[in-house]
Structures are given as structure tokens and as C-alpha cells.
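Each in C-alpha cells, the structures are laid out below.
Presented sequentially are two complexes of chain A, the first with chain B as partner and the second with chain C.
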Partner chain A sequence: MKSLLDRHLPKIVVAPSFAAVLFFVYGFIGWTVYVSFTKSRILPKYELVGWLQYEKLFATPRWYVALDNLFVFMVLFVAIAIMIGLLLAILLDQKIRAEGVIRTIYLYPMALSFIVTGTAWKWLLNPGLGIEKVVRDWGFPDFKFDWLIDPEMAIYTVVMAGVWQSSGFVMALFLAGLRSINEEIIRAALVDGVGPFRLYFHVIIPSLRPVFVSAVIVLTHLAIKSFDLIIALTHGGPGYATDMPATFMYAMAFSRGQLGQAAASATVMLATVSAVIVPYLYSELRRKA
Partner chain B sequence: MTSGQADTRAGLMRSTPLRSAPLRRAGRPWTATLLRGLLFLILGLFVLYFTLPLFVMIVTSLKSLEEIRQGSLLGLPQEIELTSWATAWGSACIGVSCHGLRPYFWNSILLVVPAVVISTAIGAINGYALSKWRFPGSDVIFGLMLFGCFVPFQVILLPMAITLGKIGMAGSVSGLILVHVVYGIGFTTLFFRNYYVAVPDELVKAAKIDGAGFLAIFTQIFLPLSIPVMVVTVIWQFTNIWNDFLFGVSFSQGGSQPITVALNNIVNSTTGVKEYNVDMAAAIIAALPTLLVYVVAGKYFIRGLTAGSVKG
Partner chain C sequence: MSGQTTQIFSDAEPDLAYRAKWYTERALIYGALIFWAFICLFPIYWTVTTSFKIAPDVMRGNLVPWVDFEPQWRGWRSLGLSPNTISETSTVREEFLKRFMNSVITSLSASMLAVTLGSLAAYGLSRFSYRFGFMRNSDISFFFLSQMILPPVVLALPFLILYKELALLDSRIGIILLYTLMVLPIVIWIMRDQFSAIPIELEEAALVDGLSVWGAFVQIVLPIALPGMVAAFILSLVLTWNEYFFAALLTSTDAKTLPVMVASQTGSQGINWWSMAALSTAAIAPLVVIGVVLERYIIKGMAAGAGK
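And now, the complex of A and B:
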């Protein structure tokens, strides 16, 4: 009796978590996808109407603004964070005495909530009292820096704050990658008389490919999910100039009473994330097995 | 995630770099000195870039509104005013209630402590079962749990709101605890599983021969080995749950809101005079617990970040 129990104990122990994940993750995904094919507005309805919600979604100008913003934000955020992260990692890898302290300083924003980061940058970018005023007081009275309230430029303030928060993390990834490069490769290149810059561009950076992949995946994922930062920094405004899919979905779900639109936009987000994550997870798990 | 990543993590933790730094070997001495100077200049500029927002927050929180309007953003306060800290903590208005951040700070504590403890405990036992007692389908289960970590939460917001309403937990701290535990299990399981995979199977075999069962081996052999991974997991969960905004704003209301939601409400309130100093003090108060954890246990924080680079 005891051995029978013992044999099944591992399954019994995992079962509640597995059931919870099946219900709260996959069941909920199923519900949302289903509702995206119904006419639900303020209350969920369960009568299927085909692609109606998606047709409506893709006829909504605000949704295109959100997609457009996501694209701009994602490309700039990922590219700039990776450039800064890589640069800092390479510079920190030059036997810097104060490396520990500097690393700690570069990475601390990652411990902050996006709401805190958004609040801080909202103040720095305050037209009238923030950076604009500092530069004006330095003797450039015509300096103008009001991106936060400029519908055309506001999305770039989100990029600025996002990069500030995340590039230290990218640095940590690259630094770890640099420290694990096989020394033999570098020694061989040096023996061959390869100069320091060629060494980096032709030997070291190419060998960091897996780190690039990780960084791109993690940052892309962060970008698609970004919600808090926008709420805190611009609240999607001015107007809905800095709306993103996540804020669009939230507005449809909780303030507009458009459950069908919320479900359809959430499903599009899920599909986008899955297209990035599934191949990555699959290859990671395969590599491990 | 992979063994390669475990190596990289070990590499990051090493205090002295492995090899001689390549740029240092750059030719003649004067170029080397020049490069070295440039190197420190760039590193220093980035130190400024990362610390300036925090510096501005702190000095702004200590200034009077009068000084904020007239003085410079970067200037030190002429007179240190602690009133905005007191206001942010005890009397700033959020909607109609004017009790500052204090009640919400406690909400966050009441939320974070049980959520972290429960999700870490579940992760430990799951990770143990899924690494050392594999059964048919256990890898599929793990894969499904792992994918759950990456799902954009927008896709579960609506059914979760409905479910919380049905089970009578809508708008309560206990409802939020449930949400954070459910969506935290994936990561906690991932952390423990990857840690236990590296423990030799012989240990389990030998204990089995001695007659120890599933639970005895877990409590007597694995738990005592787990301090490092536990620290990483607890810090990870603590930071994520404390900083969460999406679940807080979606599933709590009025008196049960966590601190991030309260902070956002203070900062983005449209009524009355804009008190920038109170906003900044409030933001620092909301950030203090996670900053403290980072300063005290930064090493483990980084380990969690890089371990979860299959994360989000």
C-alpha cells in the first residue's frame, strides 16, 4: 500500500498545479479565443458569429495606431537596448577595478516597477519644468523638448524610459556571455596577430549569437506586453497617440465594455507572442534533452 | 536554462575576469592610455545616465513646490523639506480617501508575503517531482507550465475577472494572491527543476535503497540543498509581485489595491494642484522595498534574471 502511494506520489504532487495551469492558462485562453468569435459587448455572449470581431478590429483606426506604436517601440527598444547593453558589457569586460559597483548601478532600474520608472521619466520630460527648463537655463532660451505632449513624438519618450530600465539587464546577459567564451579561441586569434577591434567584430561578437537571440526574445516579449510603462508615462496619450495593443485591450475590456474587441485584440497579441516564443522554447527544451 | 547558461551565470558571478582583456593589449603605451581614458569616460557617462533620474527624484522630493517651479531640476534643495514624504506616506489623496500610500503599502505586503511563500513552496515540490521522479508525460507537463509564463496576460484578464467574481474573490487581496500564485508557478517550477536537474541521480538511488520515500528524500536531502535556489526564487517572485501593476489594476478596487496602483493614482490624478514633490516621494516609497532587496542581494537578483532569460 505504501509503495503504491509512493509510486504515484510524484504525479499526485504535480497534479494540482497542472490542473491549475490547464484551467487558468489554457482554459482561459480557450475562453478568450472563443469569445473573440462572438458578438459579446458588455456581457459575454456565447453565440458564434465568425470573424466579425476581427473585421471590426482591423477596421478600427485606434488599433492601427496601437500596432504602429508597438512596431516603432519594439524595433527601437530592442535595437537600442541591445546596442547599449553590448557596449557596456564589452567596456566592463576590460578589467575595470570598480566593475562590481558600476554593474550594480547599471542594473538597478531593473528592480524598479515600470510605474516608478514612468513616474520618474514623466517628471524629467515635463515640458516647462523638466529637461527643457534645464537646457533653457543653461543659455538656450529657444530649446524645445516637449515630446511628452507631442502626439508625433510621445512614443519616443516611451522608448527612452524603456531603454533606461532594460539596457542594464541586457548588459548582464552579454557580460555573462563574454565571460563564458572559450579562451582558446581568443588566444588563437591573438597569436594570429588579429587586432583588438577585429577581434571583437570578427571573433567575439559573432560567438555571442545565442545571447543575441535570448536578448531579442526577452526584449520583444517585454515590448509586446508593455502596459504599465505607457499607463504611467503617457496614459496612452496625448489622445490615443501612444496606445499599444495591451492598453487598447485594457480599454476595451474595462472601460469601453467591448468584450469581443478585447478578446480579439488579446488573441492577436497571444498569436504574436507565440510566433516568437514557441520556436524558441522548443529549441531550448530540445537542446537540453 | 541550458547547461551553457549555467556556465555563463557562474561566469558572471566570478569577481575576477577569466582572461586578460583584449583591448588592453592595444599597441603602444600612449594609445593604451588614451583608450583607457575614453573607456572610463564612457562608463562614467553611463553611470550618470542611470543615476540621474534617481537623483532628480530624490532632490525633487525634498524641495518645496515653490523651489521646484523656480529652481533647477538638477539643483540641490536649498532647504530640505520632509513634508512631501509625510504627505505621500500618510495623507496624499487617492480618489476621495486621503490616507497616503500607507494602507496600500500594507496591502502589498499582505499580498506579497503569502503569494511568494506559496508559489515558492509549490515550485520546489513540482521542480523536485519533475526532475527526479519523471513519469510518462512529465516533460509535456513542464513544457505546458513553461509556456504559461510567456502568455501575454491580456489573454487571461477577462475570464479571470469573471472567475474571481464567481468564487466571491473579486476585488480582494486574497483574490490577487490566488492570481499571483497561479501565474507564478511556471517560473518557480522552472527555477527549482533546473536546479535539481544538476543534483546527481545517485543521491536519490542511494536514499531509496536506504528505504527513504518521495517525501523523505525531498525534505531530508533536497530541501537542505536548496537555499541558493530558494533565495533566487523568493527574490524573483517578490520583485515581480511587488512591481505588478496589470493584475492589481484589473482585479482590485478601492481599499484592496496594491501600492503600484495607488502610486499611479496619485501621480495621474487630475484634480487639484500638481504636487511634484509628493509624486516623487511616493514613487521612491513604492520602489524602496525592491531596491533594498536589490542592494542587499543583488547577486541573487542577477542570477534570477539570467536564469530566467528564457523568461519575460
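And now, the complex of A and C:
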């Protein structure tokens, strides 16, 4: 009995996770992709109709709004979060007292649900309350800050909140990167009389390339997934001005009863994410193993 | 006596300039760091203080308790959690406690299940060579980890339909199973690194001493890997405690969790800022406490989860 357990142990330890993931993740992805090629509306149907749902999807103006928003959000969110995160990491790497406390504080926004912290953001961004009110009280009675209810600008409030939430996390990535740079290189540069700015721009930042790559990957993925941010701040509104693919899919599936459309949009999202991330992740694992 | 107070050596002009530059630089660095810390904390500060405000305070934007406004139990009373309502029966409080317990039970159970299953799988992947069809160890790792990058919407529809069939909709069990699956890859990711860092010679020595593979795992490897498991557990706890998408989708009355309750407070007649704030404070309090106590582990987990 005992040797039987020993002999099969390798399979026993991996099998439960393997089976669960195979069925519930890969199986379910397959199902979603399949349904995107059917006529399903409120209930799933299983006769194939070809690319019909995709043709319909790409003829829907709301879908283009969602893609547009995703693009704007993703570019700004990734760029700004990386800039702030890198800056914070460099500043925090200057032998700061209480570094541990500051680091923890920076990670709080990420560790707390945005559904919850979004309440404070809604107050801050609310025209008539929050930032607008405070600046007016400072003696600028004409100050206007109504991005939250402006269809053109609302998406930028989502960017602000997203950057607030993720910068600390990006900081942690860069800080780890900075700490693992070979001291010798820095010392050599200092001996050569390189000033602090050239040291950072020509020596240290270039050597953080792998950290940039993983930060971009993680942030891109967060951007494509973002759902809580939008639900908590704007609920996709005003109208559907801040819709993103995730909220679009949610609306199609659960308030419009358009399973086929929802499945098609989910499939498009999946394909996009895979195209960006899978090659990276795979090579990363190959290298490690 | 006076000789002691007069300075014998004084800094030369360039030294003073250097020191002044150093101090301004330090001041700027600390200023910037504290500024961002303020930005990070402000929404949390606002949430906690607002739960003690009354309507005019919220509208006027009063921020500092006792200076700007007199703290009141208004927000907490609306939850039935203020000192004068705590002994009375309150339907709101009952609802809140039910949601709170749902969150506690689902996040704890899912994290425990995920850490158990994930650690086993990670151990296997770091110690044995697998061959499953064309798949080797690195392919199997990829097979697990790739779901970390999935947009969860891809799985939403089939889960909804499956749970409807199995009568798991709006049940804690359903949510627990789903959350386990959700955090499993992160646990495997963290634990694989943990186990790989433990020299295999330790177990070989144990095997030579007559322990079984299983015995070596339990008695030798597990104690060393425990800090990593705690990190994985805490990270799972944070992720499942905050999860909103699936909870909003798959629960309605019985198994609703705290984030869903918070999100559903924004009614058509605008927001009750004070009760929203009280509810939000109660929802983040456990995490803030865990964060303060177990900061080390969270950082470790987040760094590992990020895919270094």
C-alpha cells in the first residue's frame, strides 16, 4: 500500500489541479468560443452559424466605443503608472528612513477592493463636492472639474483611479529590479565620473529592461481585465461613454440577453490578450525550466 | 569656559554649499515620497472619517474630525452598528453580518483549498519529471499559469450556465469552488519558486534515512516552505476578499458577498455617503488589519505573483 502511494505520488499531487483546470478553464474557454459561433440569445443554442455574431459585433457602435476606451485607457494607464512607479522606486532607493512603512502604504490601493475605495473617488470627482468644491473654496469660484459626468472626459477619471491603484505595485516591481542590479556596474560608472542623471538614464534604467517588459505585460493585462474600476466609478456611463470590453460583455450577457454577442466579445478579448502575453509567458517559463 | 563654545574648526565654503545641496535634495525626495503616500491614503482616510459625518459635513467637504466637524455615529447607525443601536435588533445589521460572514467563509475556504491543492501541484512540478502526451514540466506549468492572464469574462458565461444546471447559483459552495480555481495559478506560481529553492539533497538524505517520499514532504519540505505558503495564503485571501466580478454575476440573495453589497448601495436617488462610508470601512478593516500584521508576507506574495 505504502509503495503504491509512493509510486503514484507524482500523479496524485498534480492530478486534482490538472483536472480542474483542464475542465473548468480550458473546457469552458472552448465552450465560450463555440457559443460565439452559434445563434444563442437568452439561452445557449448549439447549431453553428459561422461568423454571424462577429459580423454583428463589429457592426455595433457600442463595441467600437468600448474598444476605443480600452485603447485610450490602456496606453495612458500603462505609460503613467510606469513613469510614476519608476520614479517612486528610484526615490525610495535613496536610503530612505521608514522605507518599509512607505512601501506598505504604496501597496494599499492595490490591496483594497476598488469597489470599496471607489466611493471616496466618486466623492472626489463629483462636481459640486470633492476636488471642484475644495478648489472653489480656495478662491477660484470659476474652477470646473466635471470629468466624471462629461462623456468626452469620463474615461480619464478611470485612468486617474487606475494609476492611483497600480503605481505602488509597479514601484515594488522596479524596486526589486533596482536592488538586483550589479553594484559593480554602478561603482564603475561612478569611478568614471558619471553624474547622477547620466547614471540613471544611461546605466540603471537600460539595465531594468526586463522589469519594463513584465510591468507592461502585467499592466496591459490589468487594463484588459478592468471591470471594478468602471463599475465603481462610472458604471460605464454617462450613457455608455466609458464602456470597456468587460462591461460590454457583462451588459450583453446579463441585461440584454445576447449570449452569442457576449461570447463573441469575450473571444475577441481572449485572442487579444493571448496575442500579447502568451509568447512572453511561454518563453519566460522555458527559460526558467 | 568661553573657549568651549567658540568653534575651532568651521566648514569651508564649498562644504557648506555641499551640505545645503544635500539637505535640499533630501527634503525634495522625502517631500515627493510623502506626497504620494498622502495620495495613496487619502481615499482610505476619507472613507473612514466620512462614516462619522452627517450630510452637511459631506457636502461642505469638511475633512478633519473635531476641527472641521463633530464626529457623529450617523453612518454607523444606518448599519445598526453604533453604540445606541447595537443592542437593538436591526435588519440592516443582520444583512451586513450575513454578507460579512459570506465573505469570510468564502475567502478563507477558497484560500485554504487553493493553497493545499496548489502546493501539492507545485511540489510535484518542482520535484518530478512529467510526461503527459507532448507536455513536459514547463508545458504543464504554462498550462496552469496561462489562466492567470485570462480575462475572467471568458469563463463567466459557462459558469453561469453550469451553476444554473447544478443549482449552485447563489451558493457559497459555488463561489468557493470558483475562487479556488481563480487563485490556484498564483499559488502554484509562488510555491513552485519556493520548492525550487529548497535543495533536493535534503529530501534525498531523508529518503536514505528511511522516510517515504510523502514522509519527506511532510516532515522536511513543508516546514521550510511554510513562509511561502503563508504568503500565498494571504495573497489569495486578499484577492478573494476583494473579488467582485463573479460574485456580482453568480450570487443574488443568499451568498452575496461584501463587495456586491457595497456596489449595490448606489441607488437611483444618489448616494448615502455616510452609510456607504461606514459599510466601506467595515469592508476594508479586516484587510487593513491583516496588512499591518502581515505586511512582509503580502509584499512577498505580490512580488512573486507579479511574475518577476
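By definition in this document, the second predicted complex is superposed on the first by the 285 of 289 C-alpha atoms of A that agree within 3 Å, B and C clash if a C-alpha of one lies under 4 Å from a C-alpha of the other, contacts with A are read in each partner's own complex, and residues count from 1 in each chain.
In this section, a contact is a pair of C-beta atoms (placed from the backbone, for glycine too) under 8 Å apart; a residue touches a chain by one contact, two chains touch by 3 or more.
Bear in mind that the values here come from a model prediction, so they are computed numbers and not experimental data.
A.B. asks: Report for A:200: first if it touches chain B alone, second if chain C alone, otherwise both or neither.
C.D. replies: first
A.B. asks: Once the structures are superposed on A, label A:269 by its partner contacts, choosing first (chain B), second (chain C), both or neither.
C.D. replies: A:269: touches chain B and chain C.
A.B. asks: For A:183, is the partner it touches chain B (first), chain C (second), both, or none of the two (neither)?
C.D. replies: In the superposition, A:183 touches chain B alone.
A.B. asks: Contact-wise, after the overlay, does A:10 reach chain B, chain C, both or neither (first, second, both, neither)?
C.D. replies: Touch status of A:10: both partners.
A.B. asks: With the two structures laid over each other on chain A, which partner does A:86 touch: chain B (first), chain C (second), both, or neither?
C.D. replies: Neither partner.
A.B. asks: First (chain B), second (chain C), both or neither: which does A:158 touch?
C.D. replies: A:158 contacts neither chain B nor chain C.
A.B. asks: Just to be sure I read the superposition right, which of the two partners does A:112 touch: chain B = first, chain C = second, or both, or neither?
C.D. replies: both
A.B. asks: Can you list the residues of chain A that meet both chain B and chain C?
C.D. replies: Correct list for chain A: 2, 6, 9-10, 13-14, 17-18, 20-21, 24-25, 27-29, 31-32, 35, 44, 84, 87-88, 91-92, 94, 96, 100, 102, 104-113, 115-117, 119-124, 129-130, 133-134, 137, 164, 168-169, 172-173, 176, 214, 218, 221, 224-225, 227-228, 231-232, 235, 245-246, 249-250, 253-254, 259, 262-263, 265-267, 269-270, 273, 277-278, 281, 284-285, 288-289.
A.B. asks: What does chain C use to touch chain A in their complex?
C.D. replies: So the residues of chain C touching chain A come out as 29-30, 32-33, 36-37, 39-44, 46-47, 50, 58-61, 117-118, 120-121, 123-125, 127-128, 130, 136-138, 140-147, 149-161, 180-181, 184-185, 188, 212-214, 238, 241-242, 244-245, 248-249, 259, 262-263, 266, 271, 273, 276-277, 280, 283-284, 287-288, 291-292, 295, 298-299, 302-303, 306-308.
A.B. asks: Where on chain A does chain B make contact in their complex?
C.D. replies: 2, 6, 9-11, 13-14, 17-18, 20-22, 24-29, 31-32, 35, 44, 84, 87-88, 91-96, 100, 102, 104-117, 119-124, 126, 129-131, 133-134, 137, 164, 168-169, 172-173, 175-177, 179-180, 183, 186-187, 190, 195-196, 199-200, 204, 210-211, 214-215, 218, 221-222, 224-225, 227-228, 231-232, 235, 245-246, 249-250, 253-254, 259, 262-263, 265-267, 269-270, 273, 277-278, 280-281, 284-285, 287-289
A.B. asks: Within their complex, state which residues of chain B touch chain A.
C.D. replies: Residue positions touching the partner: 1-4, 7-9, 11-12, 14-15, 17-26, 39, 42-43, 46-47, 49-54, 56-57, 60, 68-69, 72-74, 122, 125-126, 129-130, 133, 135, 138-139, 141, 143-148, 150-162, 182-183, 185-186, 189, 213-215, 239, 242-246, 249-250, 260, 263-264, 267-268, 276, 279-280, 282-284, 286-287, 290-291, 293-295, 298, 301-302, 305-306, 309-312.
A.B. asks: For the complex, give me every residue of chain A touching chain C.
C.D. replies: Chain A residues touching chain C: 2, 5-6, 9-10, 12-14, 16-18, 20-21, 24-25, 27-29, 31-32, 35, 44, 84, 87-88, 91-92, 94, 96, 100, 102-113, 115-117, 119-124, 129-130, 133-134, 137, 164, 167-169, 172-173, 176, 214, 217-218, 221, 224-225, 227-228, 231-232, 235, 245-246, 249-250, 253-254, 259, 262-263, 265-267, 269-270, 273-274, 277-278, 281-282, 284-286, 288-289.
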